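Which chain is which? They are A, B, C and D, in the order written, and residues in each are numbered from 1.
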Amino acid sequence: MSYRPTIVAFLCNWCAYTGADLAGTSRLRYAPNIRIIRVMCSGRIEPTFILKAFQQGADGVLICGCHPGDCHYQEGNYKCLRRFKLIQKYVDQMGIEKDRLQLEWISASEGRQFAELVNNMTKTLLILGPSKIKSSLEVEHLKQ
Amino acid sequence: MPSDTSNPKPKIKLAIYWGAACGGCCVSVLDTHEKLLDIVANADLVFWPIAMDIKYKDVEAMPDQSIDLTLFNGAVRNSENKHMAEVLRKKSKIMVAYGACAYMGGIPGLANLYSKDLIFKRAYEESESTMNPDKVRPVVQFEVKEGTLSIPEFFNDVYTLNQIVDIDYFIPGCPPQSERLIEVFTAIVTGIGLPPKGSVVGALEKTNCDGCLRKKTDNKLIKRFYRPWEIQDDKETCFLEQGVICMGPATRGGCGVRCVVGNSPCRGCYGPPPGSPDPGAKMMSAIGTMIDANKPEEIDEIIETIVDPAGLFYRFSLPGSILGRKLL
Amino acid sequence: MEEPRIGVYICWCGTNIAKMVDVEAVSAEVGKLPHVVLAKNYKYMCSDPGQELIVKDIHGHQLNRVVVAACSPRIHELTFRKAVEKAGINPYLFEMANIREQDSWVHTDRTEATSKAIDLVVAAIRRVQFHEPLQKRSVNVDPATLIIGGGISGMVAALEIANAGKKVYLIEKTGRLGGHVIKFDLTFPHLSSARQMIRPILQRVENHPNIDVFLNTEIRDVTGYIGNFKTTIRINETESTELRFGNIIAAVGLKPFDPSKIEEYGYGKFPDVITSMEFEEMLGTGQVLTKYGKEPRNIAIIHCVGSRNKKYHEYCSRTCCMVALKFVHQIRASLPSANIFEIYADMRAYGKGHEEFYALTTHKQIIFLMYDQQERLPVISQADRNDNCNMVIRMNEKLSGESIEVPVDMVILMVNMEAHENVKEVVHAIGVSLCGNQFFIEKHPKLDPVATTTGGVYIVGTCQGPKDIPDSVSQARAAAARILATIATGSVAVEVTTASTNEKLCCGCQTCVKVCPYSAISYNEEKRSSEVNEVLCKGCGTCGSACPAGAITSKHFTDRQILAEIEGIMSMSFKGV
Amino acid sequence: MSIRVNPDLRNELIQFGIGDWNACYHCGTCTAICPLSEEGFLFPRKKIRLMQMGLQGPLESSVEPWLCYYCGDCTKTCPRDANPGELMMSLRRYLTSTYDWTGLSKKFYTSKIWELAWILFFAALVIISFLVILPSFGYKFTTELTAEGGVKLNSFAPIPIIEAFDWIMAIIVATLLISNILRMYYKIIWKNSTTKVSLWVHIREFWLLIFNFAVQPKFSKCDDKRYWGAHWFLMSGYTIMFIVIVVFLPWFQTEKILPVWDPQRWLGYYATFGLLFGLVIAIFGRLKKKDIKFRFSHVSDWLFLVMLTLTVITGIFIHIFRINGMPMATYVSYITHMAVLVPMILIEVPFSKWSHLAYRPFAVYFTQLKKNAVLK
């Protein structure tokens, strides 16, 4: 079986998740290798979740929130942005290419942008190749 | 302490062993000072390489489950560490990961930012004091005419003890606070107040800020981060509020906040609070929250001042973290 | 925790899902998972028979958790929550997997879509195991209302509520009601009298049995939450009264910009350079005269003073253009032959009747001169002795490209509306936020412009942003209607999926306190722990992410639940190669 | 140097026919649509702006109003009904008054009474001359007819005296007109402190003046070419009439009844027909108000048309009555003809609407000079 990039996406309920729903109601097509997890606000997204997704084998992690200034909870997206920037620095240091972790603002009306985003990220991940998480750890020493 | 000899209770069999460790944990046992005598009074030390001369084969010969308590300090770096961890697990009723290295990987765990190859290259070829023109590297087995010489195999990764064998309890700290050891030892000896298997003992549930005497407010918005030497510490304001990253709020209490008392920010050797699956992620999340900027460029500028996040947030815990190692 | 017994339902949505997703395969696959008691698929889960199927199974199989894989939870989550509630299960012990909008409708490969559906359902199954029952809550609403500010907005809102028979406490900082409007002579665009308009309102407010007016009073601290606020007001520094009320309207208004900050205009230096507010007062006297008592021959009206300029305020004050045009009519009435210069940056006539008013005014023989707000402001200087005027304005006229000088005897500065200086105290007291320009932030800029993110606190009039009288009055009446609706209901529902702190884990670092956009978190010194006021909390969860000690739980979006969802998503077909 | 605003200019301009001068909000549609506006000489918008602002100096040194031939496209497309075409027309009136150093032009434009009074005064002078002064010198009416049966016109209106009078009037008018053109030149070219035009350029571009006087090529750039044709017809008729009357009076004002194919007669007929054709179009246009260029009429527009029409009609009457041997009718027609023509020439040519015959070609010439100007 050939390499099929896997994307775990965290979407805020009010803008990005609604935007992704709109992509569906508009019958837009995008790559099927994305799995979406809904949170109420992008400000809820923690580094733990991102690391967990990478550990579980995600080739890419996508975070989407409301555009700056449009947050349903006023400023959650800014908090998300700050955490994202820091965690991106960390994952980069840990040998996970920066492009594997992306943050984009998607409004509730941007179904098309969401579909394009998924397709573009898929292309990026195809170029980057599979995540090294599966080849990096010597699992034979671990307890059963 | 059950030191009343008039009511004799069979002494427990105690083993103390070190894997990839600095020896500080063993010293911390001695740091119990006069209380050590109580320990000795209640326990028979059956194995303690730093203090007693017992061969591995003697330990291997012991019946299974014959040791009541093993305090294993140090991470698992090589095949010897792994072998002894497995042997001691088999021989012990209760196996405790003692200290930050056994618990989370500790300082040796930072080697997971490199690979075995990179480490050997540095150690045997590149380091300033090395003269090794033939680029000789250690091999596990080497034939000489007297026979086969062997040394333990150096693993690519550093492991926490729990990743190799099942562990009953974890005592965090680099090294663990001696007072906590006494408490845990007492509990194990008496069997009273022992938490369920797999728990962290010898530490508090609340994180370090709770015991910290520095002045704390809600003013935790930071425009620039400083490394401790970059700033004149006023010795009374919360380190974080001065812009110095202190792992205190994300690190279990129990150490007595000794670093902060000594005017040095907490580095997190006691590990994450209960329920946190990753030792550094919560702190990173909190620090991200504290960045006082909304524009991407300004945020980048502030993050520039956080040098080496992996070494900062996972100083004692890289092997025990979610990612475990750098992906190479 | 009791052992989870999960029922899983895969919806076909007619052919919407079933065409692209092999629903049989999905239910067969997930049916094998631990804790899954049954996995079924059905044509329309949201239909009455679909919902009854769930209810019947819950009773028949003693299910305690339900997963439905269907459309977006944004569409039918509530429907299914109600269904499981009907069967006696807490509605939050339910989870939905979105296999229509985010699967069958966006993919074209049936195999891929089916394996994606399996992953999403598995994630929901894993997640629902960690769900906890949550209780719906509501609070009673005190029928009294506090209105801060006795300007036209505050008074109109007060009358609206008081006329409905509900108590209003109207607090005014100054010694009289009426705000700025009472100082105006005429209003645009109909040139009707402002005083005639506001006087009857004022009398009705003062004499209304349901309105208690507190003059010379300021608000310092308000405690409580929607439906149950409380404050102590001090009157004349001696008396103090405790007030209890269920809702708050902030109508604190604005203050005119101080043009002495703008050197070019020489306000304060030249006695005949006056602000629009001062000119309004002059119009009230019925005469337009210079400081030396002469009739001015040339009058310049400079627009956008302090507005639309990065150095002062970037925003537009919205009313000044029309007020400046209104002045033309008033000047013409007393000085028919005076030369009037409108020195403007852009003419903004956006409102009802405004463009017509502008067109009407252009026939009043006035001279429009345009200046570039960003490049160079007009400069006012003293005229030469032999000049036949009082002052000279030098400017670059944008439409002709010429640099010109304008002889003037009087200059009226159309000053910007800026936020009140003591607005911060009020903000602190009632727990709302300010935007960059120090105006109050509304809950939603388009769909909810009178509410704030703090439940029970409404903002009306110019404290929300510069606006004219009709807009202020509309907001006032809208806020009043909103409040009357909650009073009529008697109680308000509050958010269920809030955050909560675990005192055992909280270390008191207080990182969370300022993170909350709703000021729902406070630090309890006694307990040495942060506390979430769950009435104020809206459940965004950002505090849960900020807490380094893991002491804050975002209900229904806990770490454990989300991590289980991630593990679930990655557990089956999605492991990659 | 900044330019002082003259807020009172607008009151003055209103008297020249500027209507709703503040309606314009400077969208620039007029300039964009204008077929004659060109880089460096943009109008009407900018001129309207100068007018609105009361920038008298720049306004007076503008050449652009003369480059406008009032096709009406600007007015048609103006979203504010500001009527830029008529504003340009009013500006031409205003400029005519500023070129005139006597101040009479302004009086004529801004006061109907003043203008009518002067017309009547000149008309009265002419009538008195024919009824009182000339008879006292022996030039009397005679009912005697010539051998061919025509009226003896020359004995009533002696050629040498009339010719002398023609020349005196032509010199007065020319002096006034030339002095005004010099003032126009001063305002447009000479006063400009930043640029200068070499003498060679003045000489080199002189042909433009003649060419534009004769053909009005700019007028032909307006969309509706028929007006240019009608105007050219009128203008050529007028020029022919002017030349034959001033230069060839003895040949033209003859008592002989020449055959129809004689050049004297068909030149006269051509000129008359050309004038009449142009006048009919203008008068009907101004009455019907269908075309924008004819929609708005200042008193000066009507006066000019009426006087010229009267001149032409009386001229025709003189001709008809003379060859048919009707002496009294001929004399009355002749006196009326002169009583209209003299004030028309004296007032309209140097001071009013008719001055455009000189200002327009000069404006084209000055524009060309400006284009060739170099920095000082």
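To be clear about the criterion, a residue touches a chain if its C-beta (ideal position, glycine included) is under 8 Å from a C-beta of that chain, and two chains touch if they have at least 3 such contacts.
The model shown is predicted, which means the values in this text are computed figures rather than measured ones.
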Original post:
In terms of Cα-based centroids, which chain occupies the most central position?
Top reply: C
Subject >> Euclidean distance of C-alpha centroids - chain A vs chain C, Å >> reply: 30
Subject >> Inter-centroid spacing, chain D versus chain A (mean Cα positions, whole Å) >> reply: 81
Original post:
When the centre of a chain is set as the mean of its C-alpha atoms, what distance in Å lies between chain B and chain D?
Top reply: 107
**OP:** Mark out which residues of chain D touch at least two other chains, giving numbers and ranges.
**Re:** none
Original post:
Residues of chain A that touch two or more other chains: which are they?
Top reply: 46, 48, 52, 75, 79, 83, 131
Subject >> Set of chain B residues in contact with two or more other chains >> reply: 276-277, 282, 285, 289
Original post:
Is the way these chains touch best called a line, a ring, a star, complete, or other?
Top reply: other
Subject >> Residues of chain A that touch chain B when the two form their complex >> reply: 46-48, 51-52, 54-55, 68, 75, 78-79, 81-87, 89-91, 93-96, 131-133, 136-138, 141-143
**OP:** Can you check the complex and tell me which residues of chain C touch chain A?
**Re:** 72-74, 98, 100-103, 105-109, 112-113, 116, 119-120, 123, 433, 441, 453, 497, 515, 517, 538-542, 544-546, 554, 557, 559, 562-563, 565-567, 569-570, 574-577
Subject >> Residue numbers on chain D that touch chain C, as the complex places them >> reply: 1-5, 7-8, 10, 20, 22-23, 25-26, 46, 49-50, 52-55, 58
Original post:
In the complex formed with chain A, which residues of chain B make contact?
Top reply: 76, 82, 113, 155-157, 159, 163-166, 276-278, 280-282, 284-285, 287-289, 291, 293-294, 296, 299-300, 303, 306, 308-310, 313, 321-328
Subject >> Contact set on chain B toward chain C in their complex >> reply: 205-210, 216-221, 238, 240, 248-250, 253, 272-277, 282-283, 285-286, 289-290
